[in-house]
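The first chain written gets the first letter, and so on, giving A, B, C and D; residue counts start at 1 in each chain.
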Amino acid sequence: MSDINLELNKISMRFGGNQAVDHVSFSVTKPELIGLIGPNGAGKTTLTNVLSGMLKPSSGTIYLNGKRIDGHPAYDVTRAGLGRTFQITRALGRMTVMENMMVPGLALKPNARKADLEARAQEILGMLTIEHLTHELSRALSGGQRKLLELGRLLMLEPSVIILDEPFAGVHPRLQETIYKYIFRVHEDGKAIILISHDMGAVFELSQRLLVLHNGALKERSGCNRRLPRP
Amino acid sequence: MVYLRQIESRIDQGIGRRRLGYIVLGLIILFFLWFPNDTSQSNYAKTVFISGFFYAIMSSSWALLAGIAGQFSFGHMAFMGIGAYVAGLIARDGIMFATLGIAITPESFSAIGSIIIGTLVAGLVGLVIGWLLLRLRAAYLALFTIAFSELFRIMMLTEYDYTGGSNGLSLRPLLQIADVDTARQVEYYLMFALLIVCLLVMHWVANSPIGLFLRAMREDEDAASALGVNVVRYKILIFVFTSMIVGLAGAIFYSDVGSERIIPEQLEVLQMSLIIAYAVIGGMESLIGAAAGAFISRYMLEAMREVVISLPFGLTTADGGDAFVWETGAWRFALFGVVMVFTLRYMRNGLLYPFITWFSGRDLAMKETVSKRDGDGDDIVEPMGADDE
Amino acid sequence: MVIQDTLFVLWLMVAGPLWAVLGLFVLPNVNRGRKNEDLIPDTTLKIAGVIGGFALGPVGLGLFYFEPLLIRRTTLTIGVVLTVFVSSQVMVRVVDPHFPSAIWLFLAGPLWAALAAYFIPRHYRDEEADDQNVLTAAALGGFAIGPLIFGLMWKTTPKINRDWMIILGSLGAWQIYLLFAIQNPTNPCVQAPFSVTYLTQQTANGVVIGCIYSLMAVGLTLIYSVQGIVSFAHGQLYMVGGYFSFYFLLHAGNLLSELTGTEVQVNPIWGIPVAAVIVFLMGAIFERIFLKPMHDGLIERISEYAILITFGFGFVIEYTTLAVAGPFPQRTDRFIEIRRFTLERAQITDDFAFGPINIIGDRAFAMVVGIILIFALLYFLQRTWTGRALRATSQDRQAAAVTGINPTNMNTLSFGMGSMLAAMSGAALIPIFAWVPWVGAEMVGRSYVIVVLGGLGSVPGALVGGIVVGIVEALGAGCHPDPSRGAAYKEAFALVIFALVLLLKPTGLFGREQH
Amino acid sequence: MKRRAIFICLIALLAVLPMGIAQADGHCEFADYTITIGGLAPLSAPGAVAGGVAMDWAFNQAADDINADCGVAIDGVNYMLDVVTGDSEGSPERGQAVTERLIQEDGVDAMVGVYHSAVGLATMGMLEANQIPTVFSEPWNDNVSANGILEYDGQPPRFEDGIDHVFRISPASSMVGSVVVDWLLSLGVDDVVMIVENTDYGQPAAADEAARFEAAGATVSKIDVELGTEDFVPILSRIQARAEAPDVIRILVTGETSFNLTQQMSELGIAPSEDTICVTNQFAFQSDQYWATVPDGNYCAFNRVGIIPSLFSDAAVELNAKYEEAWGDIIPSFAMASYDAVHILKDSMERAGSYSDAAAIVGAIEAVDIELSQGRYYFDYGSHNPDLPEGTPAFMWHQWPDPIVTVMQYYETGQSGLEAAVVYPEVYQTHGTGYIVPGTSP
């Protein structure tokens, strides 16, 4: 799991005359927790979308584990090992929680045995404390539960880099604890996590490295102490 | 423990009901199998059933395309037309590669061969259209497919030298049976078998991983893509698949099985809208529902032609007639539209949904969900309706 | 008749310069009340006023006044169109009509377009150049100038702006013209001495009918801009508007005749407000019952629901009308008693004559009604509180709601007004066309083309789109090389444009760019 | 709760569907059996609804009139007559299905009908196979009722011995075309523009007329239009741009589309004008509809099928009065023919002495000789006279040879179709002239 290598090289994104992302370069080479912060409109979401293949960058290149992924469709990027969540949860409403988990499972491993995938999904749901909801339609879930479901879906992809877009927004404190635990667990499994959040406290608390976006440009990067997880 | 037992009994009930559901389904199929042997029924009834089967295929495949895969196409009838027209033209004119000096004569195509080619061409056009439609969503997709099917219809109508124009094009007859009564029976079973096979194949697709991916794309294409679903491939695939199904159904139906000739009027937007209305009334997201919707709606529309509502209730006009006489024949499409609109608004899953859920026991599961959520009130509601980008 | 013809010629002679002078003085007022950075140079405005006033009369001035952004493109378009027109006239006379390029044009155009559309945008991305609009430009260019487009865009990778599009688009149109000319040398489009007169006549036909088309399309675009849905009941609302006008005029005429004891004919112009009011209410009530739940979050998959529910609404209207009014064609009296305006034939040089140009009287009247209503709508949207509220809602619902605008009411208002505009164009056209319950089908298809071409959600786009579609249909039917098929494919020409716009540039000419 | 309420409403709606059947007057003694005649007409879109509604009216009117006159008298027993109209929707597929239903479920003894030729072509085989005596009253296609369909889309004929049970009292399109063409040629026309709808009515008719014109040395240019087109100005401008105005514009378009076309043509001053004759089709005869939608259409000529108004028999005048009362317009020829068709069947059944013996009825129809609203009906060629002379087209088999086809012309705005001038053939001329020049009065 240690051979993580994400490399952004002078990524730019223009919308008409508006430079949303301006020659951003950075790389991730080891399982670490990275915070990505910046004011509203700084280009965080755009950068995420470019990274995950939802948008084609106007210029620049992105390599993930030696494979060029810029301009590739999102599903290619996902298969290359980069998973993301959305700022506003995008659970697949009229599908059950288990079906939500099976979509990425089957998409990545079409030949796997269904029972194995289901067992794996059940395990992940258990870790996220929503195993009792397996057969519910996901639109019947609360906002926080949907967030957990999204995090769970990500693990079915077995990505090497995970982008979490505002994982704590609008989530009940009790469930926030679960998300913290999830992040540590995933990190321990040897995956790199890029954390995007308005909650500066949480980001400072968690990240080992901090990227600050301002007007589309990466202004500074500074290391940051990682505190121990709260009990 | 009491709670658990309740759940168990509910699941039992659910299983019991599902069994009952299968029994009912089996009885319905048996009825359809027995029906042509009922000597009291006329050939007309069989004819109505044959075209009912055809529209059931059309509607249920549209339900697969629009209801399950979320691709809101108005071009379904056009793909059917492509299948039928290509089969007819091939059987009449063969294939000419004028520049290469190769000509395959019509004689080298049997009826079955031309049907197969018609189906393949429908699939091929579906491939091209599906690829072109990748960039378009919802309203744009609907508009584009309307434009496509209108263009196709106008071409079929205007190039009458090749297509027969509004006289229509007759395909090479698939079955040549002299005895009228037996012929209708064979046609009936052929069309019914086609419907069953199509439904089974579509059911299998809808419940395979492909169906899962299609539903994921319908719910949220970006999210599905981010979860590794190859949205391009499956979108095109479903277009090709449904186009081939309707192309096949069209080529067979118009090979003198259901109708002797295909006419361009069959491709009008009105006909397409009827298909959509059948699917909506029966249930857009259920293949069986859409098929049954088509069958029942057609029957109702047919029945309403003849119905005269008269309300005497003691009221009579001067010459002793009924005070209020209402012939529904002229109004039947208007009423049909009203039913469709209200179904959409108040029973989005179709009028048959209550039956389907009851038999599948899904309503019990829903009650459970409500009770679970009630005990789980840990919610901070997020803002509704905001868009990600 | 003679007097009217003379008046018409006089109007043409005087009006062009008159509107030009008016434009010279009026247009610079655009700058009033603008912030410094938005100012448009006075000279530009004056030139635009003169050209726009001269070429397009009040339409041009109104357009420029309310949408100054259009000035550059429109003046450029007029210039290019004139140049291409003149050069093609020359070309057709110089080039041998049986020039073997017919096949080349026919096959190679689309081929090069596909190649260019595939490779050039990739090249732009590799060069890290701005690749906005490159796809459209490459496809158009490939079609218009074949492989030359690679030379043009590969080496220089210029930034593609509207000017590029207009020039390449015009070149493409010129290619099609040339193709028509080669296919059928006796085509009146290319044959001297009728060509100029004929093309002017067809363009005039297109502009007149196009303005009428626009009115209906504007309603569609209004609904889309506020609610984000496409109404599939629009054709039926148009049809039913005509019927309301018809029955109103019939009954009002009978009533007045009874009261006064003489035969009274009510001018169909009065049917327009009546139809407008009734259909506004119909639309508003429908919106409240069936579309409001959509915005309240009660419905999943909004866009599909909207398509189906409006579709069903149209279905109900059409068949109810059929049951009530029957299938027999109807029509009201005419607006004005002038059958047609004619610009008489004028011998300009010994071998060149211009004219006659005919425009049907009632159509000209309906065109004026249409233009007045569209500008009234623009005025309403730009200068009244409600109109601004409507626009605000269309731009940002939540922000609008915060500032005290009730978005629910705005939804109802927009759907009601959109339906009303359809009904008004119906009421304006029933004196011109024979009316049957399925009359909306052809018209609504065209409206979709118009709004997509103009850009869904843009009111000036709908006006321009309507005129473009009108002209394309007129020229298509008028210049199709096979005279016997031209008319049958009339509807198809617009559909082809529609498909191309959807594929190459779904935002249309003036649509908002989305990202 | 809402859902349940709607459900209940729907069920209630279905429950309130009792049938009302009209009762006839009691002055005749009727037998128990009711003779049923099946009618086939387009009553809903995409068919030509306006035409179908008129035909349906005519069928029922004929039945009412016959029943008021004590029904069908066979061997001294009076049978009530009932016409059941099926909706063909103008589509062959529907037409076949409905015909099958009429034959098998309603057990019709004979059939009348069809408006669309495509429906006629599609149903003929079934009528033959089921041996249903049939009188078609409106399809024009030459292939309908022809003696053995030899060339039918390249398919071998299904019935080697021809379609024996089907008769036709409407003209074949070549019979109509020849009259119009002869008239125009007699006026010295040599430059013809045809505007043709691309349907099974327009195309064969245009091909036939064009062949006749060309045989006489005239040049013909044909313009196809799609039904439902509203704006014809571009294509009319194209005609106007010709170096010389055409001598005649012949409109082979039906319904409201033809009205739009004629009106725009006259608004632009193309035709009728001094240079150009305007010839439209039988739809112009319904003068109320015509003038409502073509206010400028004065001096347009049109072909009309059926007896000329000045020769209307009492029966025809009476029928027209009934139609005008019901629909507020002059009766179209196909309604008259449909009315007559029912009467021909009634007469033939009475002479055959049976309502069920198909062979006897067909024989009786072949021998028919009866004066009805459109004139005297008879059939030259059939099993009683099977040998068609050389040069006689095959469709003359079971074809009424005498549908009167005339060319009429309006000469006053708002004129009733009944008063329009008959200009051709000369024997029927009412105003002593072969053509009324626009602006003049005969």
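Here is the rule we go by: a contact is a pair of C-beta atoms (placed from the backbone, for glycine too) under 8 Å apart; a residue touches a chain by one contact, two chains touch by 3 or more.
It should be emphasised that the depicted structure is a prediction, and the values quoted were computed from it without experimental measurement.
Trainee: Touching chain A and chain B alike: which chains?
Mentor: For chain A paired with chain B, the chains in contact with each are C, in label order.
Trainee: Among all other chains, pick the one whose mean CA position is farthest from the mean CA position of chain C.
Mentor: A
Trainee: Find the geometric centre of each of chain B and chain D from their Cα atoms only, then give the gap between the two centres in Å, rounded to an integer.
Mentor: It comes to 37 Å between the two C-alpha centres.
Trainee: Suppose each chain is reduced to the average of its Cα coordinates; what separation in Å results between chain A and chain C?
Mentor: The mean C-alpha positions of chain A and chain C differ by 46 Å.
Trainee: Measure off the straight-line distance from the CA centroid of chain C to the CA centroid of chain D, and report it in whole Å.
Mentor: 41
Trainee: Note the residues in chain A that touch 2 or more other chains, in rising order.
Mentor: If we look for residues of chain A contacting two or more partner chains, we find 93-94.
Trainee: Which residues does chain C have that touch at least 2 chains other than itself?
Mentor: Chain C, residues with two or more chain partners: 300, 322, 441, 485, 488, 491, 515.
Trainee: Touching two or more other chains, which residues of chain B qualify?
Mentor: Residues 154, 157-158, 333, 386, 389.
Trainee: Going by the touch definition at the top, which pairs of chains touch each other?
Mentor: Pairs satisfying the touch definition: A-B, A-C, B-C, B-D, C-D.
Trainee: Please give the residue numbers of chain B that touch chain C in the complex, ascending.
Mentor: 66, 70, 72, 132, 135-140, 142-144, 146-148, 150-151, 154-155, 157-158, 218, 269, 273, 276-277, 280, 330-331, 333-334, 336-338, 340-341, 344-345, 348, 384-386, 389
Trainee: Per the contact definition, I'd like the list of chain B residues that touch chain A in the complex.
Mentor: Listed in rising order, the residues are 209, 212-213, 215-216, 219-220, 222-232, 365, 369, 372-373, 376, 378-383, 386-389.
Trainee: In the complex of these two chains, what residues of chain C are touching chain D?
Mentor: The touching residues are 188, 194, 197-198, 201-202, 205-206, 209, 322, 326-331, 333-334, 339-340, 358, 360-363, 433-436, 438-439, 441-443, 473-478, 483-488, 490-491.
Trainee: Provide the residue numbers of chain A that touch chain C in the complex, in ascending order.
Mentor: Against chain C, chain A makes touches at 12, 14-16, 55-56, 58-60, 71, 93-94, 139.
Trainee: So in the complex, the part of chain C that touches chain B is made up of which residues?
Mentor: Those in contact with chain B are residues 229-230, 232, 289-290, 293, 297, 299-301, 303-309, 311-313, 315-316, 318-320, 322-323, 398, 441, 445, 448-449, 452, 485, 488-489, 491-492, 495-496, 498-499, 502-503, 506, 515.
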